[in-house]
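One chain, chain A, appears in both complexes that follow, with chain B as partner in the first and chain C in the second.
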Partner chain A sequence: MSYYRNLSIAQKQIAWAWGFLAIPVVFYALIRFYPTGNAIVLAFQDWNLLGDRTWAGLDNFDKLVADPVFWIVFKNTFVYLLLGTPVSLLIAFAIAFHLDRVRFMHGFIRALYFLPFLTSAVAMAWVWRWFYQPVPIGLFNNFLSTLGIPQISFLNSTTNALPAILAPAIWAGLGFQIIIFMAGLRSIPQTYYEAARIDGVSGWTVLTEITLPLLKPTMVFLVVFSSIGFLRIFDHVFNMTTNNPGGPLNSTKPMVLMIYDTAFNGYDMGYAAAQTVVLFTVLLIVSLLQLFLLRSR
Partner chain B sequence: MASVALQNLVKFYGKTQVLHGIDLTVADGEFIVLVGPSGCGKSTSLRIISGLEGATSGDVMIGERVVNNLEPKERDIAMVFQNYAIYPHMSVRRNIGFGLRTAKMSKADKTARVDEVARILSMTELLDRKPDQLSGGQRQRVAIGRAMVRDPAVFLFDEPLSNLDAQLRTQMRLEIKKLHQRVGNTIIFVTHDQVEAMTMADRIVIMKEGRIQQVGTPQEVFHLPANLFVARFIGAPEMNILKGHWRDGLVFLDGVAPFKSDVSSLLKSQPVLVGVRPDHLTVGGESPLFAGTVNVLEPLGSETLVYVTVNGTEVIAKASGRAPPAVGDVVSLSASAEDMHLFDETSGQRIT
Partner chain C sequence: MGKIRNWVAGTAAAGVLSFAGGQAQAVEIEYWQYFFQARVTAMDTLIENFEKANPDITVKMTHFPYADYRTKVAAAIPAGEGPDVVQLFYGWLNDYVEAKLIQPLPADTFVPAEIEKEFFPMVQAMKRDGEYMALPTAVRSLALFYNERLFKDAGIENPPATLDELVETAKKLTQKDAAGNLTTVGITTGMTAQDHHWFREVLVRQFGGEPYNDDYQTVNYTDEAGQSALAFYDGLRSEHGVTLAGFMDEPQAAFKAGRAGMHIDGSFRIGALNKTRGLKYGVAELPAGPTGVKSNYSSYWVNAITSKATDEKHAAAVKFMQYVTSDEAMQIWLDTVGELPAKPSAALTEANSADPVFGPFIKGLEYANTTKFANESAQRQVMVDMLSRVELENQSVEDSLKAAAAEEQKILDEYYK
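Let's look at the complex of A and B:
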């Protein structure tokens, strides 16, 4: 104990800090960083889950570049990202902006919007799958037929399937985005709006020159957060196309689903790990790019 | 330039009445200060004049127009807020120019106008800075600049100095007063600080619980307070209030020789409250009123505040800064009759 007593205050604080940090550090090292490193190594190896791991060099990456399915999947992933993020943020902002002014049953309406976020993605995907079925089962097609509009094949069409899956995915995340947007809107001092009212500027000017610039930190967070979400989309796709995951004809298959397929149906662990490394790199680049583009000057 | 008139202004928030019929006329070019403790309705009155809030009943007139149903922008006013309300993401130039966005002026004219305002407020070299690179006083000036740039008929200030430190507040107080003397627009200024009110106003409006207590020049409200509330609110330290009795032209205080008071509106005999400001109650002097024991001294440099117990009541008096009495001394206190204020014991109104 005398050793501890002779430490300076700063040294004691460091000792305590590391004491508290020890458990998370061990946890992260064992559960996060070790498997991550292992996966990166595995990307340069061949392994069928049972046999030995053999060195393969860049073979897995060569195979990936030459694989036509990978390029379809790569494109699909970016379609999810480039459609999902802006559409979801626009809808979420529009709802939050107007909900902020609603006093009548405000809490109830907010809860309704937040509810999908609490719902299991699997359950939601199956309900939406049912919505999309042809007559006489599917809700949407039944509705269309009563109006006399021809049937739309949602999940069986290579062009319609991806947006049809994206819709519930956007809806699921909306509640969270609305709550964050509302918190951001609430943090803007009321006097800014009062001053603008006295200056007599238009509502559009207030929105574009005051509200949106002051919401920038909120938007940076949501753009990065939801982009990562859409790049990692999996459960909605998997559950809504369960007979032929990622189908029809790979038209809805995102990267995570391809990784899952390669690893647990093809047992080609090295190849799956190479895909993981690519996904990781894409996530990293997209996130850093967004942070760079949206940085405050 | 315009006069402002409030006619029987009443405001309810739900069932709570916060303004009980405010009548006030502000002359063109006048610097008027609304002052009172928090919750007295001064800010609400200002917000109703600005149009940010509507009155429950009553009229607001700016110039010759009744503006009750006009949007703030149509009222030809500008407002400076307590937290300045300058936009953190815009440069000083854009902040000041924001008020001109809807003005029908050429771009060159707008730039020239912003430059002119910046020159008047001596912050030309700050125009390209962002608000977070400015000190509190400079931000305050940007907020004033933003109001000035539109050259409104009436300036409204909502406690604009409250967020500044004491020294800066004194300085900005003077700057605003000089600005008023220079541009001459009508100013309605809200504060809870009676010193600000006294130093800046042409006329002071003292409010309490949604009612106007007194309207008058700084001299009037200080020397002829309309009631006990005004007497206590204006002036620091607070006026001493002693219980007394009036009988046939003489005021009797406990243990004190009666003194003459030629008020006319009194009955033959009635209890009164006698007020005398510490500034007018001096230690020693020619006509000693009462004597007491010194409890505490507060030296202020040029003078010393002396807390004296007279018949169990503590009163504050002033002594010279150089030769104050000592604690425990028995001193005599004197005041001239014209500085003694009489108030009705029940209503608190001034007796004249």
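Let's look at the complex of A and C:
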């Protein structure tokens, strides 16, 4: 105690500041950094959850590079990202832009768009899974067959399955993106628009010269946020293909699902950790790249 | 008042004394299994009976959701906590033995020669270096479920006894709408459910093959027998049009909804089917092959004594293992869970063999094989992909089979290296 009493006021302030900071620091170190570090170490080991961990060097990574399934999965993950992010942002912006002008039942319509975001992904994935079934139970195929159009294999197809799974995933995230876009639109000062109106500028120019540039911070946030979301896609894929996870023929399998399968069905924790390290690196690179490209000058 | 107070104090003191006395001799052992309501109920009954017969032993059961089970066991036993007797899937035995989580059953009580005489032959998969590591209470096998109402409507009297009859029966049961879309399948298919077992252990053998060599360490189904087996299985869809993989999402869903004439599944499905209102079903043995060969697949959960149990706990655990592998325990398990007794003496009683539902499953046990999986879900996935390549990518049966064998061999090599 006497040690504390001898400190100067500035030193006491520092001590108190660190005292308070210690709580989040310890929390992060224990809950975030320790497991992350542990997973990275595990990537260089072999472990089946039951026995001892043994050092494996780079074996897990060698296996990963030589695994044809990994490269299919790697490609799929980027297809989810490259299709999912632009499509969802375009739709969300188009809806937000027009919804912003709607006065009639504005709150109600906005709530309708937000509703899917509140629904459990698992329940939603199962409902969509049934929608996609062939006759006699699939909603879409029953509709097609009453019109006399041949059935479409939505999920049992190597080409259609990925977009079929991506569609509800995009739909589910739309509500959130719309709300953020609308908040961004509302935060643009009206004076710019007034000035443009006085100058008699066309609607297209207003959009490209005022609205979009001023929405940039919002877009940076949404691009990074939804990219990470699509790179980590799991619940929709897993629940829509539980019997043949990531199938048919791995055509819908994203990286997270491969990690899950390796870890909790194959009990090959080291190999799963190696995949996790790769996913972590990809996420890091993609996020940094986007922050760099969309940075404000 | 005084009298009553004295009486209360006296009884309380006596209670404390007897409680302390009981504590001194009593052994408590812990039993772990995963949570499945019927299994927990059955085990409660077994524990109650066991404690009645052995008043000095108490058994405490703990159960976990299936998903957490392995992790919890793995964490608890090395730490000296957790179960003295543990339930595990037969396919996990190697992992448990290697991690030294379980110890061999004492050979003086569980004499290997006697076990081989008393139990169904597939239980021998639990032997390591001449000692039994674990034993099942109950086993499961496959059988053919059929929808009695659809059979009656189609004018079919008996379930098919051979694979040829199976195809003919399925054709009669299949219904299509005006556009040619299937609305009722003759028989359900899908390697994702039980069909990968039907293919491996039943069809391959029935067409004259042997699915694996070297104690399930070498894949051996790429020969003519394997090709005929896969051609037959895929032919149900491609040639005869009596089925569609993934019809109504899951095979058992189609059968429950009365949209499938026949369905191959395990004895564990009986409970769910009995709960389905309006479904009248029958059970038959799996159809015999072209040369009359009968085969079946059996899987089971076993109980084992963990390495944590020593001294008096070990002795109590042995007693408990003896009880849960007794004929009495097996009958209780059959009546409560619907899983079949692991000993012919308990299974092939007159009442059980004659049972219209359990009978065909029990008959199947006599000629059942048990696949020793290295990684069941990965090996199942190989079968799923094998069929997908034929169906979705028009690969030939021969090529797809070869690709599957190569993939599965890789999984086995990695595991047994």
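Rule of thumb we're sticking to: the second predicted complex is superposed on the first by the 284 of 297 C-alpha atoms of A that agree within 3 Å, B and C clash if a C-alpha of one lies under 4 Å from a C-alpha of the other, contacts with A are read in each partner's own complex, and residues count from 1 in each chain.
Please note the rule applied: contacts are C-beta pairs under 8 Å (C-beta built on N, C-alpha and C of every residue); 3 or more make two chains touch, one makes a residue touch a chain.
Because the structure is predicted, anything quoted here is derived from the model rather than measured.
Taken together through their common chain A, the two structures put chain B and chain C side by side without a clash. After overlaying the two complexes on the shared chain, residue contacts for A:191 are found with chain B alone; chain C is out of touch. Contact with neither chain B nor chain C is seen for A:86 once the two complexes are overlaid on the shared chain.
Looking at the superposed arrangement, the partner reaching more residues of chain A, out of chain B and chain C, is C.
When the two structures are aligned on the shared chain, A:35 is found in touch with neither chain B nor chain C. In the superposition on chain A, contact of A:213 is made with chain B only, not with chain C.
By the touch criterion defined above, A:266 reaches chain C but does not reach chain B.
When the two structures are aligned on the shared chain, A:199 is found in touch with chain B, with no touch to chain C. Least inter-chain distance for chain B and chain C in the combined superposition, rounded to the nearest angstrom, is 53, based on C-alpha atoms.
The contact surfaces that chain B and chain C form on chain A in the two complexes do not overlap at any residue.
Those residues of chain A lying in contact with chain B across their complex are 189, 191-192, 194-202, 205, 209-210, 213-214, 216. Of all residues in chain B, only 50-52, 71-74, 77-79, 81-83, 85, 87-90, 98-99, 101-102, 146, 150 touch chain A in the complex they form.
Note for the complex: chain C touches chain A at residues 67, 70-71, 73-74, 95-96, 98-99, 101, 177, 179, 181-183, 190, 192-193, 244-250, 259, 375, 377-378, 381, 384-385, 388-389, 392-393.
The residues of chain A lying in touch with chain C in their complex are 48-51, 129-130, 133-137, 145, 148, 150-151, 155-158, 243-244, 247-250, 261, 264-267.
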